[in-house]
């Protein structure tokens, strides 16, 4: 009976976590939470159309497909943003400024994938604070700092979480993922989902400071 | 071995229930099943536009966002309908007339939520029968009766089911949720999902009655 | 402790499979993977409009609803393609040519269904290779061969997988489901999802052949 109760407890906890966006961790990059894609390198399969470009890219020249990176994939192959070549980048404005603690890079699960050679391999995630009304999307590298550097491993779980270096516990509202290689595809690299975890800074407790 | 079989059985049953819309209970308010939103109090963040109102509200003055309340949330923060203030109401036409047995109010899971102060707190669900061709959406209070009154508890599971009082086992095709308080937000209240459970009345067994 | 580890292992494996499109099997018919509906018998509830037909059917006279058959259902009743009557057919172009090994027919789960009389009953799945630029959709029956013949059983799991006869391990890029009966509905039959499993043919190992 003790064992039965224990088994039931594990099952309920794990299903609850699965139901809570798979990881049960708050994601500040999520589109439905207010995250949005600011920029990216050249998309794969992008059709250049003179006049009709309007429905393929919004005015900031962000592909309409790009938002797939900040939406759940629900186990479906193809629910990703495909970028041209084996290296590239994406920049995401978070829903609010946070102190970043971890990032998660997700690819499609092995058991349902047609081909995983398009998964990113060597990656670097950076962050910085950027003004909301910044019309110039070119940011100065001086403001950007490294959050974490990692290799996405095809043999591990399909959603892989990487801790941010404590040295980088500074406020950011924008993050950038640079991938410098993928798992073999000569033509493109797919980003299924990028999540950014952390905490919002506490409002300064003015009373305590004064006392 | 007996224990292994038992563990496997629990796991399969719980995953099956999770896969069956989370609760494994028929929902007569669900949009894909034919439910629809008839009316609601003022939406939060609604932009009043003279001419362009057409794409923000349909002709019955129902916000296009309102349907989110009768669609699954899939663990995503933001997949809700936000109403202005700490009190308000929504009215939903069910797919068909039923004898109501329970209602479920769902909010986003704690582990992935940015802030849960917008969750409804004190709630009242009422029901009645309304003609399909009723052009006047103002219903007479005389026809409406209470199904259940409850408090949404932030410490419990995120989808909370409340039984309908046996005294209210009468046929309804329309339900109304009134919330009179929320969990702290001064600006808005979010409804992630409202489900209505029950059974369709059996067709009168004419033969048996005659015999 | 051994038992605890075992329970945890089962839970993790089963949730992983559930998260991997429910079955953890590659599906070559999936819309997000490149599958598409080529033809089908008369849809149920199809409104014939002289001029406005454009938004109800695409130019190949495929209903816009048809794609629901090759998309996940996520436990929602209503996420299906409804065809008129108790018999009919659908034809699907796979993402690529494969050697078929199994097909899965899915209906809505019993616990959340309003009515399951619209589920298909006696079914036959056939396959063949069809040219990509074939403008004539009428295929010669000579090219088509049977993959499997089965009965969808309302008492079993809602996603039922049927093996392809080894005699039919031939390359196909198109499949056809014929249903000759349903579970009782006089008006229509619903296809929630049809999946096609198998493997892509290995590229011919030219060196080995030469040696």
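Letters A, B and C mark the chains as written, and numbering starts fresh at 1 in each.
Please note the rule applied: a residue touches a chain if its C-beta (ideal position, glycine included) is under 8 Å from a C-beta of that chain, and two chains touch if they have at least 3 such contacts.
Remember, it's a predicted structure, so these values are computed and weren't measured experimentally.
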What topology does the chain touch graph have (line, ring, star, complete, other)? complete
Any idea if subunit A and subunit B meet via the same residues, over half in common, or different ones? different
Between subunit A and subunit C, two copies of one chain sequence, what rotation angle (nearest 5 degrees) aligns their Cα atoms? 120
When the centre of a chain is set as the mean of its C-alpha atoms, what distance in Å lies between subunit A and subunit B? 32
Hey, what residues on subunit C touch two or more of the other chains? 3, 7, 11, 15, 18, 22, 74
Interfacial residue positions of subunit B with respect to subunit A in the complex: 3, 6-7, 10-11, 14-15, 18, 22, 74-79, 109, 111-114, 157
Mind pulling up the subunit A residues that touch subunit B in the complex? 3-4, 7-8, 11-12, 15-22, 24-28, 30-34, 72, 74, 95-96
